[in-house]
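The two complexes that follow have subunit A in common; it is paired with subunit B in the first and with subunit C in the second.
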Partner chain A sequence: MRRMSRTGAIKAGALVAGLALALVLPFVAPDPATTNIAVFTVMYVGLATAWNIMGGYTGYISLGHAAFFGFGAYALGLLLSHFGIAAGFQPFFFVPVAGILTAVIAVAIGWIALRTRAATFVIVTIACMFMLQLLAENLVGLTGGGAGLSFPVPRWSGDFFNIPYYFAMLALALVGLALSWWIRGSKFGLGLLAIRDDEDKALAVGVPTRAFKLTAFVISAVLVGMIGAVYGYYVTYIYPQFVIDPLVGISMVLMVFLGGMGTLWGPVLGAVILEPAQLWLAYNFGASRLYLVFYAAVFLVVILLLPRGIIPSVMELLRRRRQHRAEGPTGRASDTHETPRAVPRGAAP
Partner chain B sequence: MSLLEVENLTKRFGGVTAVDGCSLSVEAGSITGLIGPNGSGKTTVFNLVTGFIPRDAGEVRFKSKSISGLGPDRIYGLGIGRTFQLARIFPRLTTLENMLVPIRRVGLRGLMARGQWNDEKAKAMDMLEFMEISHVAGLLGGSLSYGQRKLLELAAVMMARPQLVLLDEPAGGINPVLLERIADHIRQLNAQGATFLLVEHNMGFVMNLCNDVVVLHRGQAIARGAPAEVRANPAVLEAYLGA
Partner chain C sequence: MTLVLEAVLLGILTGGVYALMASGLTLIFGVMRIINVGHGALVVLGAYLSFAIVSSLHIDPILSLVVTMPAMFALGVALQIVFIRPLKTDREALSVLVTYALALGIEGLLGYIFTSNYVQLRAWYETASFPVFGFRIAYVYVFGFGLCLAILAAMFWMLYRTSFGGAIRATMLNRTAAQLIGVNVDRVSALAFGVGVATAAAGGVIFGITNSFNPGSHYDLISRLLTIIVLGGLGSLRGAVIGAMIMLITTDVTAVLISPLWASFAFFVILIAVLIVRPQGLYGIKVRDRA
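Coming up: the complex of A and B.
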C-alpha cells in the first residue's frame, strides 16, 4: 500500500514536472533553432501516441499512417486557400475541420484495410499511402500536383514564429495522450488489448472486433491528420512526396517500438529520444540523409536488445528486483493478487 | 424444449463436405455430448453454430429464433458461449482481465467509461474462486499452466451468463484429477441453469457427464440418445470401428 502511494506520488510529480517543462520551454529557450527542434519533437510525441492507439493496443501495424499526415496537411492547405483564410491564428481553428475530413478517408481506408490481418494489413496500409501520394500528384486541379501547395505565411517575428506552432502541436499531443490514457482504462481499451492477444478468441467472447478496430484506427488517423495539418501550416509549402513521406510513417512506428508498444508513455519516450537525435544528425551532417543509417541502426538495436521496448523492459527489471526482495525471509510473497506484472498495466486499473 | 436446433446444416471445404445435412438439437438444461470419429465434423458444427464460418446450407435456431448469418460476437451476445480446443486465453492480459473481457456493457458510455470495474471485478473473483484459481488472478494469462488455462477459459466464458455453452474438448490434455474437477464444475454450472454441448474424445468423460449424446459420422448425425443406448447402437460401433 505504501509503495503504491509512493509510486503514485512519483508518477504525479513526474507528470506535473514534464508538463511544466513543456509549457515553459519556449520561454526558457526562445531561440528559433531550439524551438524548431521542440516543435518537431512534440509533433512526433503526438504522432507516436496516436499511432500507438491503433498499432500498440490492437497489434495492427500500419506503416501507412503518413497518408493521414499528408492528407491532413493537404486538407488544411486547401481549406485555407478555398476560404481565403489569412495567415495568423485563424488557420489553427481549421485544424479540427482537417481532422474531420481525415476521419472520412480513414473510415474508407480502414473499412478495406481491416478486412486483412497481420502482414497483409501492413502491406495494404503501405499501398494505400502510395495511392494517396499518387492521387495528390495527379489531381493537379485540386492539389497543384508536383508543383506543391503553399500555405499563407504569418508575418510573425523570427523569435516568435515557432511558438504558436509549438503550442498547437503540444495541445494535440496532450489530447492524444489523454485519449490514449482514457482508452487504456476503458472496456473499449480492454477489448483492443484482447484483439491484440487473440482476435478470434475476442470475437468468441463478444468483442465486436470490426467496430473496435475501425474506431481505434479512425481515432488514430484523425490525430495524425490534425498534426499533419499543423505541420503543413508550419512548413508553409508542401508537395506529395514530401508530406506523404514513408519515413514519417516509419519514424512514428520506430519511436513506439523503442519506447514500448501498447504502453502510455513508451511513444513519448521514443519520440523524445529519437526525434532530437535525428534532427541533430540532420543539422550536423547536412542533407546526407545519414539519419537513415542511424534509424536503421536504432531499429536493429531495438529488435536485438529491447524487443519489447524500453518501458516494458525496465518494468520487467523492476518487477524482478522487487520480487527478489519480497522473496527474502517471508518466502514467496509475490504469489498473490498484487504481483506486479511483466507487461505494464492493462485496461483494468 | 430445444434450446438449440440445427437443421440440414451443410458446409463444404472445396471438394470435402465436412458437414453434410446435419440435424440435431440440444435440450434446455441438458449436458449434451457430441461425439464421433476424427474428421466427422464436430468442430465444424461448433464453428458454424457460433458464426465463425459461413454455412453453405441449412439453418441454426437458438430459442426458436434463427441465428444463421450472425457474427460470433452477436451470437455470444444472444447467450451462446464457446471454448476452443487447446484452451485459448489472452496471454498478455492478467487472469482477472481475461475474466473482464467477456462481460457485456451496453452503450457507448459503458464502453468508454473509465473505472466502474468494482462490481464486475467482484463477480469475476467469485467465479475464479468457484473454479479454484483465484490465487492466480494477478498473473498474466501466458504464465498459467495448461490446466489453469482450461479452467480460466471456462470461467471467462461463463462471465456473461450464457444459456448455452459449447465446449470443444474440455478434457483434452488434462490429468485425471483435474478432469474430475472440470466435470464437477460443469455439473454445478449446469445445476445453476446453463446448458452444455460438448465435443469430446474421452468416452469415459462423456458417458459419465452427459445425459444426452449425439453421434456424428461423415458430417451427419447418425444416432442420438442416452449414453448407454448410444454405446449399444450398432451404427455407432460401425462408425468408430468399421470401414
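Coming up: the complex of A and C.
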C-alpha cells in the first residue's frame, strides 16, 4: 500500500471530523430551532450534490429539478395514504419506493429534454417543471389539487421530532456524496466530463453520450425525489406551488455555482454557507418582500465575483503559489490559466 | 362553432401581445446567446410603471408608453452593462442565473413598494366591445393587437432596413466575424438588450390592461414566453411570432372545447411533440457547437 501523503492525511482527517460533527450535531444542540436549520441545511447538501451529478459533471443546466423534488413528496404522500401507513418510522422505508417512481418520470422527462442542448435544455426543464405543477393542481382526484395533501403526523415530542428527519436527510446526502465520488473517478464520470467539454468529440471517440446523459439525469433526479419525499413527510402538508417551487430548483443550482461546479465538495460548501443564510434572511425579512431583494443581491455578487465558485478559485490560487515557489519569482507565467478539466479522483477536493 | 371561431380570433389578438414580448426575448437571445429569465419580471415592471403613471397623472395607459418605453430602454442598457457584460466564461449558464436573480430582485422590490395585492390597469376600452359575427370583441384586444403589430413592424424595419439592424443581424450570425468586420459588438449587445426590454414595457401595458397582475405574475409569464421561443426556435423572430400565435390559439381553443384548467397544458403537449420531431424548434438552426 502507498503511504498516505500529508495532504491526503489532512483530507481524511477533515472528512472524519466533518462526519463526526454531522452525527453528533443534533445531540449537542437539540433545541428544535437549531435542528430545523440543520435538517434544511443537510437537505440542501443532498440536493446540491445530486444536482451536481447532472449539472456539474455534464454541463447540462437543469432549472427544473424542483419538479422531481415535488414529485417525490407527492409520491410518498400518496403511497402512505393509499396503503394506510401510520405515522412513525415506517414511512421512511417507503422513501426508496418514491425514488423508484421518480426514476420512471425522470426517464420520460430526460428522454425528451435531452434531445435538446444548452439553452433549449434549460428552458425545457423549466417547462417540464411547470407542467408537473399544473398536473399536480389539475388532477384533483389523485393529488387533492390546490387543497393540498396531508401526511400522517408522528406523535414524537418536540425535542425529538426533528431528529429522525435529520438522519434521513443525512443518510441521503451521504449516499449522494458517495455516488458523486464514485462517478467522478469512474469511466462513466470521465465520459460525463468529456460531454461537458465537447459533446460531439466525446461521441466521436466512442462515449455513448445519450445513455450516459440519461443515466446521470436519472441518478440525479432520483436522489432529489427521495429528498423531496422526506421533506414532504417533515413539513406534513404540501400543495403544488409550495412543493414544486422554482426557488428550490434555483437554490440548489446557486449552491453548486458558489461552491464550484463539477467538484465533489463544492455543492456541500455552497449549501452549508447559503442555506443557513437564506433561512436567516427569511426569518428576519420574510414578512416584507425585501427578503427576495437581499437574496438576489447575494446571488449577483456570487456570480459576478466568483463565476467559477469557491473551491476552483482557491485551488487555482494555491496551485499558483506552489508553482511560484517551485520556479522562483521569475518563473513562467504561462499554463497557469487553465486547470485540466477532466481531473482524476483525488486530485481535486 | 361560433365559440371556437371566437376563441381563434381572440387567440390571434392576444397572441399579438405575446408575439411582441417573445420577440424581445428572442432578440436578446439571438444577439447575446443568453436566456433572459428576467424578461417576465421586466414585463411586470413595465406594467407597474404604467400603473404608477396612470394612477398619479390619470392619463390613458397606452399613452404612458411615451415615458415607460424610453425609461425601460435605458434600464435595459444599464442592466446589460452592469450584469451581463462582465460574464466572460460560461455565459449561457451564468446569464440564466444572473437574470433569474434580477427577476427575484424586481419581484421583491415591486412587492415592497406595491404589496402583493392584485392590480389592473384601467381604461375605457377595457370592457367596451363591438360585435363581430354574432359575438363581441373588447376594443382593448384590437388596440393591443394594433399597438403590438406597429411595434413589431418597427422592430422588423429596424432589423432589416437600417445599418444598426445589419450590425445586430451580423452579431446574431457570428459574433467573432462581426467583430472582425468592425461591428462594435459590446455596443450592439447593450442596445439590443435595451430594445428587448423596451418591448417588454410595451407588452406590459397591454398585459396589465387585459390581466390583473401582482409582483409574482412573472413566473407564469416567463414560462409561457420561454416555451414560445423554444417552440419557434431560439433566436428566430419569425419563430417567436408564429410560436406565440400557436400558443394562444391552442390555449384559447382548449379552454372552450375542454376546460380552462387544461389550457396551458395543451400548449406544453404541443411543445413536447414538436421537440420530439424537431429538437431545434420550428425555425431554429441545429446547434452544433456549445461555445
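The rule is short, and it goes like this: the second predicted complex is superposed on the first by the 319 of 349 C-alpha atoms of A that agree within 3 Å, B and C clash if a C-alpha of one lies under 4 Å from a C-alpha of the other, contacts with A are read in each partner's own complex, and residues count from 1 in each chain.
Criterion: contacts are C-beta pairs under 8 Å (C-beta built on N, C-alpha and C of every residue); 3 or more make two chains touch, one makes a residue touch a chain.
Worth saying up front: this structure is predicted, and the values here are computed from it rather than measured.
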On the A-aligned overlay, A:Leu63 touches which partner chain: subunit B = first, subunit C = second, or both, or neither? second
Looking at A:Leu135 after the superposition, I want to know if it touches subunit B, subunit C, both of them or none. Which is it: first, second, both, neither? second
First (subunit B), second (subunit C), both or neither: which does A:Trp182 touch? first
With both complexes superposed on chain A, which partner does A:Leu290 reach: first (subunit B), second (subunit C), both or neither? second
First (subunit B), second (subunit C), both or neither touched by A:Leu318: neither
If we overlay the two complexes on their shared chain A, which of subunit B and subunit C does A:Gly191 touch? Say first, second, both or neither. first
Once the two complexes are aligned on chain A, which partner has more residues of subunit A within touching range, subunit B or subunit C? C
Based on the superposed arrangement, let me know which partner A:Ala202 touches: subunit B (first), subunit C (second), both, or neither? first
Subunit B versus subunit C as contact partner of A:Leu19, first or second or both or neither: neither
Indicate the residue numbers of subunit A shared between its subunit B interface and its subunit C interface, in ascending order. 198, 200
Applying the document's contact rule, which stretches of subunit B touch subunit A when the two form their complex? 50, 52, 71-73, 76-77, 81-82, 84, 88-94, 96-97, 100-105, 110-115, 117, 121, 135, 137-141, 143, 156-157, 160
Touching subunit A in the complex: which residues of subunit C? 29, 33, 35, 83, 86-90, 92-94, 96-98, 100-102, 104-105, 107-112, 116, 215, 219, 223, 226-227, 229-230, 234, 261-262, 264-265, 268, 271-272, 275-276, 279-281, 284, 287-290
Considering the complex alone, what residue numbers of subunit A touch subunit B? 182, 185-188, 190-191, 193-194, 196-198, 200-209, 335-339, 341-343, 346-349
Footprint of subunit C on subunit A - complex, ascending: 59, 61, 63, 112, 115-120, 122-124, 126-127, 130-131, 134-135, 137-138, 198-200, 246, 250, 253-254, 257, 288-297, 299-300, 303-304, 307-308
